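Letters are used for the chains, namely A, B, C and D, taken in the order the chains are written, and counting of residues starts over at 1 for each.
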Amino acid sequence: MGLSLKLVLSSDPRLLGAVRGAVRELASGAGFAEEDCRAITLAVDEALTNIIRHAYDNRPDESVELTCRSLENGLEFILRDRGRPVDPAKVCARSLEAVTPGGLGTHIIRQIMDQVCYEPLPDGNQLRLVKYVNKS
Amino acid sequence: MGLSLKLVLSSDPRLLGAVRGAVRELASGAGFAEEDCRAITLAVDEALTNIIRHAYDNRPDESVELTCRSLENGLEFILRDRGRPVDPAKVCARSLEAVTPGGLGTHIIRQIMDQVCYEPLPDGNQLRLVKYVNKS
Amino acid sequence: MQTSLRRSGNIVIVDVVGDIDLHNSPRLRKTLLQTLQEAQRVVVNLEQVRYIDSSGIASLVEGLKESQSLKSRFILFGLSKAAREVLRLTRLINVFEVYETEKQALDA
Amino acid sequence: MQTSLRRSGNIVIVDVVGDIDLHNSPRLRKTLLQTLQEAQRVVVNLEQVRYIDSSGIASLVEGLKESQSLKSRFILFGLSKAAREVLRLTRLINVFEVYETEKQALDA
């Protein structure tokens, strides 16, 4: 049977550590190697950080939902918010050759995850991330 | 503003590690010392374990809700299930002097937490746990 | 949680690594009870136990009881902070034969 | 995340401990930019960084840029696995002056 863990949190950066704690252990329990556990944790954290910063303009009292599900051969993460929609043209828009402090998060997410799918919902936004075990 | 993180999980022991990961980081972020973080994590894990074993008779596909909230001077955890009610006569029923493998969980919870309150709900059960910072 | 066994003569050392909880304590219990059938002295290394809950402690208590009925020895050593704290909370720390180091546990 | 400073002459070593994320990277940024005002060489110890995300990396990039405009030096050493992996993913590892040990970073 698949495992499912849903986290409902306010859009407050002080909660990121707790989410990482849960994601790290889930990944480890799902059989990912240590380096992959760190990477998955990073990707989910970057996705949440983007929701806080861009969908909610750093307002800390909005709501975010993160649903984590075990697949037969990996993990799926679905993030939902009710904030500003993602402009697809801005995702991974900058080149990694330039040395500037911003624009790194979406690159990190895409490099780590096997599936990255931004989707508008009637009442908000969804981001679906999938990582498979033993696939680099 | 108070922080709030809700976890909704199936009553599957394989999810305990992820819950501990979240609780440990929350406690650390709330300013608890390392030993207290470990103790708080243990108490919440014991409470969940009891729900899985006693409220749900080890059925892994029932639902449990754990709401974590920061207080001005501590952390509150509210656990909710829809399983069999707690028999108050059985909580902390055994003496810690006897050497037997069972009956330890409720003692651990009471020794660690500052408030432990079992409460029947119309559609299930609630357990409220509070731990204050700098109060032993 | 991972367990691995090291044998030397009549002694088996059980190295336990990771988190012990409701999910895997039945596996620990089984390992301990099986090992007790095969060795005069079972020595459990808890140095790498990051977490242990009451179900894990219950498995250790079952090992202890089994060793008493078999008249063999069941010894713990290298208690991690987590293990030490839970054994204190449950007032079981003095019920077990506990040593600091592997050498002490083997020489005892 | 905690930062602490150690001074020796014109050099300041910034020891960073813990997790760097959106919550505390603004604090890291401020510490780095302030320290760069006061020292000819700022050496950042990342050994104890258990976690760092892109906002933390952005703070390091800002430190680097500031040092370039001040014509001072900004050096990283002791990259934890977490720090090394994120700097690789963002292809920034070669943009920084990076050393293994504190001694190498001070002697460089």
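General observations
What we mean here is this: a residue touches a chain if its C-beta (ideal position, glycine included) is under 8 Å from a C-beta of that chain, and two chains touch if they have at least 3 such contacts.
These numbers were taken from a predicted model, which means no experiment stands behind them.
The chains that touch both chain B and chain C are none; no such chain exists.
Counting only chains that touch, the fewest steps needed to get from chain A to chain C is 2. In this assembly, the C-alpha centroid of chain A lies 27 Å from the C-alpha centroid of chain B.
Note: centroid distance chain A to chain D, computed from Cα atoms, is 25 Å. Chain geometry summary: the mean Cα position of chain B and that of chain D are 39 Å apart.
Note: centroid distance chain C to chain D, computed from Cα atoms, is 43 Å. Across the assembly, chain A contributes 14, 17, 20 as residues in contact with two or more other chains. Within chain C, no positions touching two or more other chains are listed.
By the document's touch criterion, interfaces exist between A-B, A-D, B-C.
Those residues of chain B lying in contact with chain C across their complex are 13-14, 16-17, 20, 35, 38-39, 41-42, 45-46, 49, 52-53, 96-97, 99-102, 104-105, 107-108, 111-112.
Only residues 1, 3-10, 12, 14-15, 17-26, 28-29, 60-61, 68 of chain B touch chain A when the two sit together in their complex. Chain C contributes residues 19, 21-23, 51, 53-55, 57-59, 61-62, 64-65, 81-82, 85-86, 89-92, 95 to its touches with chain B in the complex.
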